[in-house]
Amino acid sequence: MLVVRPADHSDLAGIEKLVTTSEARLTTLSNQRDLLSQRIELSRQSFSGEKSVAGKERFLFVMEDLSQQSDAKSCDSDIVGVAGIDACAGNGAPFYNYRKDELIHSSHQLDIHNRVPVLYMTHELTGKTQLCSLSIRREYKQGNALELLSRSRLLFIGLFREFFSREVIVEIQGKHTEDDGSSFWDSLGRHFFDMDFKSADYFSAIKTKTFIAELMPSHPIYVPLLSAQAQAVMGKPNDAASVGYQLLLREGFRTSKHLDIFDGGPTLIARLDDIHTLKNCHYKRFQLAEQRPKGSKFMVCNPTLSDFRCVLTGLDEHEQTVELEERQIQALRLHEDDRIAVVPF
Amino acid sequence: MLVVRPADHSDLAGIEKLVTTSEARLTTLSNQRDLLSQRIELSRQSFSGEKSVAGKERFLFVMEDLSQQSDAKSCDSDIVGVAGIDACAGNGAPFYNYRKDELIHSSHQLDIHNRVPVLYMTHELTGKTQLCSLSIRREYKQGNALELLSRSRLLFIGLFREFFSREVIVEIQGKHTEDDGSSFWDSLGRHFFDMDFKSADYFSAIKTKTFIAELMPSHPIYVPLLSAQAQAVMGKPNDAASVGYQLLLREGFRTSKHLDIFDGGPTLIARLDDIHTLKNCHYKRFQLAEQRPKGSKFMVCNPTLSDFRCVLTGLDEHEQTVELEERQIQALRLHEDDRIAVVPF
Amino acid sequence: MIVIRPIEQKDLGDLMRMAENAGSGLTTLPANEELLKAKITSSEESFSQKTDERHRFYMFALEDTDAGQIAGVCGLEAAVGLGDVWYNYRVSTTVNASSELGIHKQTPTLYLTNDMTGCSELCSLFLDADYRKGNNGRLLSKCRFLFLAQFAHLFSQKVFAEMRGYSDENGVSPFWESLGRKFFSLEFTRADYLTGVGQKSFIAELMPKYPIYLPFLSEEAQQIVGKTHDNTRPALAMLKSEGFNFNGLVDIFDAGPLVEAFVENIRAVRQSRLVTVEVGTAKPFDDSDRDPLLVSNTQYEDFRVTLFNKSSLVGKLLLISKEQAEYLKVNTGDQVRIVSLREPRLDSERTPSEAGSSKKLHGQDPTEFRTQEH
Amino acid sequence: MIVIRPIEQKDLGDLMRMAENAGSGLTTLPANEELLKAKITSSEESFSQKTDERHRFYMFALEDTDAGQIAGVCGLEAAVGLGDVWYNYRVSTTVNASSELGIHKQTPTLYLTNDMTGCSELCSLFLDADYRKGNNGRLLSKCRFLFLAQFAHLFSQKVFAEMRGYSDENGVSPFWESLGRKFFSLEFTRADYLTGVGQKSFIAELMPKYPIYLPFLSEEAQQIVGKTHDNTRPALAMLKSEGFNFNGLVDIFDAGPLVEAFVENIRAVRQSRLVTVEVGTAKPFDDSDRDPLLVSNTQYEDFRVTLFNKSSLVGKLLLISKEQAEYLKVNTGDQVRIVSLREPRLDSERTPSEAGSSKKLHGQDPTEFRTQEH
């Protein structure tokens, strides 16, 4: 049984292992142990509602496979996924994007009408709630795990809207070359940052944004002057990210005009009111099931801030009180008479 | 009785009279007779569905007060309002706006975080459907007339979506000074166009966009460098336009980041799917009323392209067939068994 | 005898023939009879002072009085960019540096500029192939310096010339291919033609307005920014020897260099002086002389320039024949302006030439430039 | 006797006293003992060739050997902007014109530029009030030109100086109030201090990067772009007389002008020459002489400069006393570099000075500039 829950300091080793073996680039989750530990602490404070982090909460969720806990202390960690929500993109610093606009260069006299795409540096997504740091162990990529992990965050946002902005964004990893470079980077950022894509990516995870302000070109960039390869990958998701990308589109996200400044990857955006998981979420009561619950597949969660937990189960959506197994109740840390929140899976 | 219908060549004098006495600036409707006549002809072709104007339809509606028709040939025209829809903002040429973005100038070391608003020239609204040219005779400003005129257009868009983009925009007249100047213009455009606001406004109505491409400053404009008055009026509607502005907000429009390049007036935008008039429109049948129809107030229209006509009436919204008076049926140019479209007023 | 004089309507036929020979590189001399006629008219109205001073355009013709035809022309614009807009790119340096990461990156960047607005321009130089020998080329080009010296108050303090940019053996400009083509949706020759005939709105409408970072252009385009066409090297070398410098301004279409000088610093202006004419018996001009005198009268409307051997100068008197006096339109006792056609050899006390001075700044070696003016 | 020599650690006390007197206008000489000590160290390491050539910073001290103290300093940076970023605004012209409407509008525009990157800089000139008399000011400032002449290979071809910008009687810079304050959220003095101590990241972080159209600034700010502080006029006049020009570059904080020259064109470099020393009996230097000789030895680490009367020069020999020889660190037979402290009066054959040459271009009259270097 998979459960999504707040990350805890005891998960450090498990998260570290996951991150270092991840295929996908995780700009927002460093693989340096001390930075990772700070990040977990910040998440703990966020889930505890501590005033000190108010307005810059960074929630970090892990997905644990409880069926693996039997062989505890095995070399395989039971942490099979990790995902985050930054309440406020940029976390107090500017959040950089390119915004792709089109200027029309038009001559009435010569009857020429050219649409010229231009990239403007923008900070306009700064402060919006951002889904980030999604990573999942390879063998869990198929099936429900990825969707459970990703949508648990949306459910959490819906339950605690007071922490979040009215729109949520997600930066999707852009298309990379076979050797983990980026054509977009090679045609644009490399000229100014004077480093390869991996280095830029690495520094953006561990440094303040000062170096971006110092090295990033300040004038708008004419897209027709970029290489054909760079133009081709602009706004396209990486294959490794495409399942998650599709999932978010189904959830009601749409592509925005924003691109990642490093790899040109797309940014998805949704108003909270348009996100299906939020729209379809309901509170219910539960009781102990006498047999394995049947019915449509639902995500069920403990809708409290510090004990937020989410699992998948079958249930009868027409009943106001649904049946949960003992192990589910335990995994969700529910007590008698607690409310639960459910949403169709 | 007020009826909204397509403008016709016979309305030329009436429209001209209305436009020349209008308080509100009407950039998109010239008061030069030959240009106005061309505009009516273009509207006629648009309502006729002529192929030659496909993709650049410009619909022009007039509101006629039929109760005035009795004293025909009186000096008062029966045309009391005019309003337009451009299927495609810019009508083939670039459509200019400023887009207000904010850059964050932030120094980690000095702990300084400045949000610097910047105006970028943009053409990104080019090609979107635009509501325009709204003007109404002063004595009709109070009451239902303005709303009927404005919303008739929305109803029309809902009925003939194939002509229009998925989003509709409206440029609202900005705040002007008492002598019909613009503080925004005086602080920005005047430096480059070397003319007063009225002249710029006039040329923008009658010239091609070449002069804008030639005279408009091409680099982004830092808002903190504009005059305090200019900053104060940016994005604010003129008092004369505020009723229409409120009406559109109630309809589901929201303010965008775009400003008029001349007077800094706001731009409203709505997805068709979010516009109340479109959401609440239904088809019904009609029959001749035996007495004056009672019930909730509705807009009723003849939902055909070339004979689109719209009036206000009371009707029973629960009946599939509603009752209309003879004079309403005539004003709507309905024939027996024709469908009608209705929407709550 | 070869003499320089203001162009006249009767020269239209000769001029049209020359324009047809010139090809597309010569923006300001398009092979269009109507336009050439207009240019001649414009020049005539300038020499006759009908035009406002700031809008005058002077065209000088090299006449072979024996053959009874003109064989070359050159132009002089009092001030550019006052009626329309005069565009150049300025090659500038952008530095991005992070001390935290130890990175320091310089990026050459092109800024669209109108900085030449109001300056005077040398333009439209063209000499028939048959006459490209002896001192004709220098005479034709440098005659303008005596005009500038004599009537400096009618010109800007700064004068410049745009040099035709590099193109390969097929006439392809790598700079245009890498930049202009992507924005103008025109052929280079058409853009060049429209500019030549003064229809410049399309530049404001289609031109990229934001700065262009040079690394976005092709390698080849980057390398030829500020380089001239091979055919243009001699003209550029001549201008440089007169004190013109490349200061980072280039043409927006082909990135050919713009060279500029303050009028008072031009060698032929600075070294020119007035002497008195004495008409009498004089030897005819020997064109095999490598170092003759450039001599002009001091008249505006009837401006004339021709060459004399230095032996004609005796003290402060220039001894000339009756025929020469007739063509120069001077009489005994009149003043003429003279200067060595070529710069006298440097002696050790002279100011070092500024040649090569802009090398560092823009990474190009201007000594490699050669030219023909646009 | 007054002699120029490389600064040493023992001068720290004197230097600190001078920096405290200098006030906030002197970006490169902050009254911070630790930083001044670092500057002296940097200079010592440059003169002793421990630093890479391109990163050397030379500081010269004016020593009063009788009083046993230094009373002035001046600096010379081999190349700016190689470690950090060197910013200026370039005042350029934007023209918007519509022939259809008959409109032609010129708008001065400020472009952020790093074009001085790699050039050498004259900086940190400061002379104690008590010593502002006689030839001390000229000696202190111009001593650097002999160093440049002697060791040209260690410097850029171009050298520049930034002149303190205009501020009113209350020390308020209208340019800063109208532009910088709105972006930096700092006081001018703090921004200036941070720049002086080399903490420049904040500029990249807070500075407006897009071009600034000048009409957006206050009337007063527009008028003082490229103007200097009153106290700075004499220094600017001196640099101009040596051949420095204003070419449209100004300081990003106070819009003070930057003047530049190619080293080979600096009067004191160009006119300087080597002569041989003969030590013997010589009259002491008479400082009432308005037109003395500037004389340096040819040594790098032990570079010295002082003044002599022209009467000391006899043919190609410079006759000096034992004391003078000691301070100059030369012996009979050694070569020294000499040049007139002031420019000899123009004769009619000389190249016209370029003074005033940029007038037209930028709408300012550079003859109005006065200065003190930043």
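First chain written, first letter: the chains are A, B, C and D, and each begins at residue 1.
Everything below uses one rule, namely that a contact is a pair of C-beta atoms (placed from the backbone, for glycine too) under 8 Å apart; a residue touches a chain by one contact, two chains touch by 3 or more.
The shown structure was predicted, so the numbers you read here are calculated from the model rather than taken from an experiment.
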item	value
Label of the chain whose CA centroid is most distant from the centroid of subunit C	A
For subunit B paired with subunit D, centre-to-centre distance based on mean C-alpha positions, whole Å	63
Centre-of-Cα separation between subunit D and subunit C, whole angstrom	36
Centroid spacing, where centroids are CA-atom means, of subunit B and subunit C in whole angstrom	56
Of all residues in subunit B, the ones touching two or more other chains	106-109, 210, 213-214, 219
In subunit C, residues with contacts to at least two other chains	85, 94, 96-98, 100, 104, 201, 204-205, 210
Arrangement of touching chains [line / ring / star / complete / other]	complete
Contact footprint of subunit D on subunit B as seen in their complex	105-110, 112, 114, 116, 118, 187, 191-195, 203, 207, 210-211, 214-217, 219-222, 224-226
Contacting residues of subunit B [partner subunit A, same complex]	90, 92-94, 99, 101-104, 106-109, 113, 120-124, 126, 208-210, 213
Contact footprint of subunit B on subunit C as seen in their complex	85, 201, 204-205, 209-210
Sites on subunit C touched by subunit D in the complex	81-86, 90, 92-100, 104, 106, 111, 113-115, 117-119, 156-158, 201, 204, 262, 264-265, 270, 351-352, 354, 357, 359-361
Residue numbers on subunit B that touch subunit C, as the complex places them	210, 213-214, 218-219
